[in-house]
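Look at the two complexes coming up: chain A is in both, with chain B in one and chain C in the other.
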Partner chain A sequence: MTYFMLLTVNGLVIGLIYALMAAGLTLVFSVLKVVNFGHGSFYMLGGYAAYYAIGLLGVPPLVGVFIAMVALFLFGVAIEWLVLQPMYTGKVERKDEYAIIVTFGLTILLTNLALVVFGPFSKSPPAFLQGTFIAGPLILPYDRLIAAAVAVVLLVALAWFLARTSLGQALDAVSQSRESAAVIGINPKRMYTVAFGLGSALAGGAGALIAPIFALSPNMGELPGVQAFIIIVLGGMGSVSGSIIGGILLGVVQGLGVGFLPDPNRALAYTQAFGALLLIFVLLVRPTGLFGRAHTRLE
Partner chain B sequence: MRSSKWLRVSAVRVIALQRRGIGRFLMKPIAIAVMIAAATCLLTVNALAAEPIVLGWVGPLSPPGNFSGGQEMQWAVQLGVDEINKAGGLLGRPLKVVYEDTKGQPAEGSAAAVRLITRDKVAAIFGEFHSSVALAEADVAHKQGVPWVGTDVWADKLTALQYPEVFRLAPANSLVYVKVAAWMAEQGFKHVAIIAENTDFGQDGARVVSNILKEKHVDQKLVTIDLNQQDFTPALLRLMSEGAKPDIIQMVVAGQAQYQIVKQACQLGFAPNAKTKMLGSTGLLQKEVWEVDGDCAKHLLVVNIATPKSQWNNKAKAFAAAFQKKYNRAPTGVAMEAYDTLGVVAAAIRKAGSAERKDIIKGLSQISYVGVNGTYSFPATTDPAWAYHQFIDVPFHIIQYTASNQAPSDAPIVYPKKWATTDKLLPAN
Partner chain C sequence: MTNRISFSHGLQALLLAAALLAPLIAGPYWVHVGALAWYYAMLASSWSLLAGYAGQFSFAQVAFAAFGGYASALLRLRLGLPLILAVAAAVIMAMILGALMGALVLRLSGPYLALFTLATAEIFRLILVAEEDVTRGSLGLQVPGLFSGDSDLPYYYLGLSLVVLTLLAMNGLLFTRIGLFLRAIREDESAAQASGVNTTLHKIVVFVVTSGIAALAGAYYGHFVGILTPNMVILPEMGLVIAMAVIGGIESLPGAVVGAVIVYGLSEMLRDYGEWRFVLLGLVLILVQRFAQNGLFPFLERHFDRPMPLPSPTRNALDIEGEHVNLS
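Our next item is the complex of A and B:
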């Protein structure tokens, strides 16, 4: 039972970080109808932004996370303006293909730029709090505990923002119908920029939270990027709450899968396979994902 | 060009003097001096104008390969190239190395080898960090008859294929892990956990360790990891919870994935500590281990493929100083291997007196080259199969970090006995 609990708690913590990243990807997808293949690179940049903010400005690690989110919001806004806006100004004919190519290109560019700018050697910002939380059989490093708590706060804030603020409701309106939103006076292009900026900030926040737990390297966003895609399909394309549930579910299933697969030798190497199995199972039962909506194309 | 002009002018003056009938006793020495000067100048002009000898380097310089190890290797090689060219080149020709980033991917390695052979017409290929990639490159080199020399690739299979074109400076897994496993048994470890990456290097190394531990009746568990993985906690929790708790964790993992394993094991209170030691490989010799793992790296045991600092020859001292000066970091054993790989290929070219591929292969088979890490030769031994064209006397030792931010060269040596500076593992059980 203790072993089960340890695996579940660890899976929950990692799942919350996944959820934060996937929520950003979902937000971008639901509003812009663009799958951002560069999302993992924003996660990586968030980690480095926090690292340099802490190192150069001398701010505490949690402030570093906040600075990273602001920096990535601005970066996301700039990228959206430079790279994605041609899609909805009529300059691009094949919008879906364009979006795939530019966001893929972006991830290759950013990863290789990071290699040149930040160097090939691993970096790590200081811990949020040194030590490990021990309560009976429960063992959880403070870094993970704090990262999970901050992720919960950010996810709750995101849910509140989307449901309770006029800007959040405007984003939701655009996600449902660009034309209808325009009719009631919402500027869809502005919403695209806000959504892309927010999505980037969430990815950056996830990267900054994970940085002290793992380490920084130019390719650190590749695997979480893939996980985020599994999660948004799992949760239902375009559903922010679905991506949160999906992230947590994926983290827990992967943790338990590694812990209980009969072959302990191969269990860890099969981590991604557990996610894929979960996805197949959910899609068989609910083809639109856990909380999916039907409309998913750029209008 | 200026030398050629001076030469022509001098020759014309001599002929003019001859025509004017100036004393013969004066003419002869002048003519000889001019001829010597002409020959010297022509040689210099020819060397500068000569086609460079082109070699191909392969290794990971970007993800998903171990690009930090690849970067160190490339730096070391470039240092060697600059030194060789400063000293007049090879066979009077400048040396040029074309660098190919193989990204840790066998397909990239194979394509890089083809490019180097067909596009750059390289005389030989050398380098590489990942065994799986090296195997792909070696296949191409073998088919094309191009010499291929491996720097830090350990899978037994590479030399066990017994390709006449393939040579290896790095140890075969069987060369090092047999001794490491025997040492673990000798130290009295009863339960060993082997964490191995799912590559040719990792699985082959785990097999070697496992076989020896079986022979010595030591209990063992094997955990296979994917190098892209970041969270090892579930597997570590399983090792902590199922069956007998390991008293040592042996990582057969290249590069920086080990940092995560060490950090997560340490945060769980699992290892490295008095009850469970941790033994890793060369990636843990980079100074970044202290930045990522902090004090968790204290008491780590690390296999170092190099001679200890106390045994360095003058070449090793000069290389370490030059590397530190140029790149502002101490070279690890991998950098030393990379520097020596270039040295070995250059020595083979000198020995053969030719940069033809066949001649270089012959030269490699015959050389005895003193590098920073030892005296290299590549016997054609076929038993065991992996010993073919394998540098046998690979120097290696095991260190244990005992203080924060300790440099590997300052850490106590626990193995082998001839170099050991301590016989105690810390913290004591």
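Our next item is the complex of A and C:
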């Protein structure tokens, strides 16, 4: 029983990190109507940004996470400006394909650039706090506890930002209708940039939070990237709250799945396959996801 | 227009002759590279039919290739089927799966379709990893070769003839009204449907054809390389295929073949630069998408062939009367 409680709690921690990443992905989708196939590599860059901020600047680990998010925000803004802007200025035909190909090309570029620049060997930034939190049967390293807590804070802040600030409302307006938003004086292009920057920052933050728990490697973003796709489909493409619930759900279910299946190799493979199966099922049966509202295609 | 096509034909004949003669001057290493490039050429050209012509952006092409490889090898090893039967059965099974996939994704498009196919490919890869008793998991499945002797030359010519045959088959398909219908579906599905195009049927047909070709490519690959691993289905492999097709010309089947040969050849030539090759690949992929969306091959062809503008899909849609269907 204790074992399953541990699995649940660990799944919850990973689920919160997934949720953070998926929230960024879904925010980008809701505003730009683009699935960022490079989201996983932004997550990886966030991890390295934190690692180097802590190592070279000597800042405390949590400040490193903050720096990573700022760096990834700026990086996201630059990428949006360089490769995605041409989509809205009529320079590109077949926008759906263009968006998939350039963001996917970005993954190839960034992953291999990371291999060259950071090296193939895994690196580990210092822990947020050494030691382990023990409460009765529950044993949780402080690292995981802090990562989960920061993830919760960031998700709450994101929800507050989207619901209560005028910028958040403007993002929501553009996500509902680009034309109507433009009519009431919102510049959709600026909102695209903001949304993509925020999405990148969230991926970067997730990467920076996970870095002390699992080591950093150039292709660390691949698996969480696929998980984030599953979560945003599960939660309804474009729904931030849906992606948060979906992320936590997926983390817990996969954590428990590993415990229930006897053969560890198969357990690992099939818990991942389960997520992918879930994605297929949701797309076929309820394409708007479990919590989502209908979203139109790229205009 | 005829001018353009004859030039394109001439160029293709020239490239084919070059491919036939290349082993005369190339050493055994480059023959091996060439034989591998044919595998990617089949995948890239069939993917460009699926994604470029029909607009069905799929991440599952390498999964179908792996299916063809594993199925043909297992049918030979486990059931003792003769080679031809095993390959034919694998291709037919892949076509049935392709039809199933095509039927399932009828309502999905754009990013939804991409995510669906990505998840399908991922599930298939995980099954290959997990079911070690059948597939030997990550250790890899040993496949007996086709020809005795050490030379890769027979494989090179086998691969080349498969590339030519599949290209001819796909072009034959595109020469019929189906090619036009596929483009119509890509441009505007509901408009095509309203004009009387059976979109359901044609979408399934394109999945069937391209899945079959991918499976054939995979069977060739398995018997040539001698070992199959689940790594055939990882995302970077699919990325390579997409990059080849996009760089060569996502709407041009021979262009995709040229793209595959160039990308794979360059990646071997620049081996000393390690991962920088793939940094470059990612960069080129983005730049080509940004500045020459129809790929380098049609881009260059247009420059050689001054007077004719590149036929855009809308032009072709207007060209129905002249029964002109563009070859490349």
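What we mean here is this: the second predicted complex is superposed on the first by the 283 of 299 C-alpha atoms of A that agree within 3 Å, B and C clash if a C-alpha of one lies under 4 Å from a C-alpha of the other, contacts with A are read in each partner's own complex, and residues count from 1 in each chain.
Operating definition for what follows: a contact is a pair of C-beta atoms (placed from the backbone, for glycine too) under 8 Å apart; a residue touches a chain by one contact, two chains touch by 3 or more.
The structure presented is a predicted model; accordingly, all values stated were derived computationally and were not measured.
Superposition of the two structures on chain A leads chain B and chain C into a clash.
After overlaying the two complexes on the shared chain, residue contacts for A:Leu113 are found with chain C alone; chain B is out of touch. In the overlay built on the shared chain, the residue A:Arg286 is in contact with neither chain B nor chain C. In the superposition on chain A, A:Leu6 makes contact with chain B only, while chain C stays out of contact range.
Once chain A of one complex is fitted onto chain A of the other, the partner contacts of A:Val258 are limited to chain B, with no touch recorded for chain C. In the superposition on chain A, A:Arg266 makes contact with both chain B and chain C. Within the superposed three-chain model, A:Ala276 lies in touch with chain C and out of touch with chain B [touch as defined at top]. Once the two complexes are laid over each other on the shared chain, residue contacts for A:Glu222 go to chain B and to chain C alike.
Of the two partner chains placed around the shared chain by superposition, neither chain B nor chain C is touched by A:Arg190.
In the superposition on chain A, A:Ala99 makes contact with chain C only, while chain B stays out of contact range.
When both structures are laid over each other on chain A, chain C collides with chain B only at 112-120; the other stretches in 112-120, 238-246 or 400-408 stay clear.
Residues 111-112, 115, 222, 265-266, 269, 272 of chain A lie in contact with chain B in one complex and with chain C in the other. Residues of chain B touching chain A in their complex: 61-64, 67-68, 70-71, 198, 221-226, 228-235, 237-238, 241-242, 256, 259-260, 263, 267-269, 286, 288, 291-292, 294. Listed in rising order, the residues of chain A touching chain C in the complex are 29, 34-35, 37, 83, 86, 92-94, 96-102, 104-113, 115-116, 222, 226, 229-230, 233, 237, 265-266, 269-270, 272-273, 276-277, 279-280, 283-284, 287, 297-298. On the chain C side of its complex with chain A, the touching residues are 51, 55, 57, 104, 107-112, 114-116, 118-120, 122-123, 126-127, 129-130, 132, 137, 235-236, 239, 242-243, 246, 250, 274-279, 281-283, 285-286, 289-290, 293. Touching chain B in their complex are the following residues of chain A: 2-3, 6-7, 10-11, 14, 111-112, 115, 120-124, 127, 132, 134, 139, 141, 143, 210, 214-215, 217-220, 222-223, 254-255, 258-259, 264-269, 271-272.
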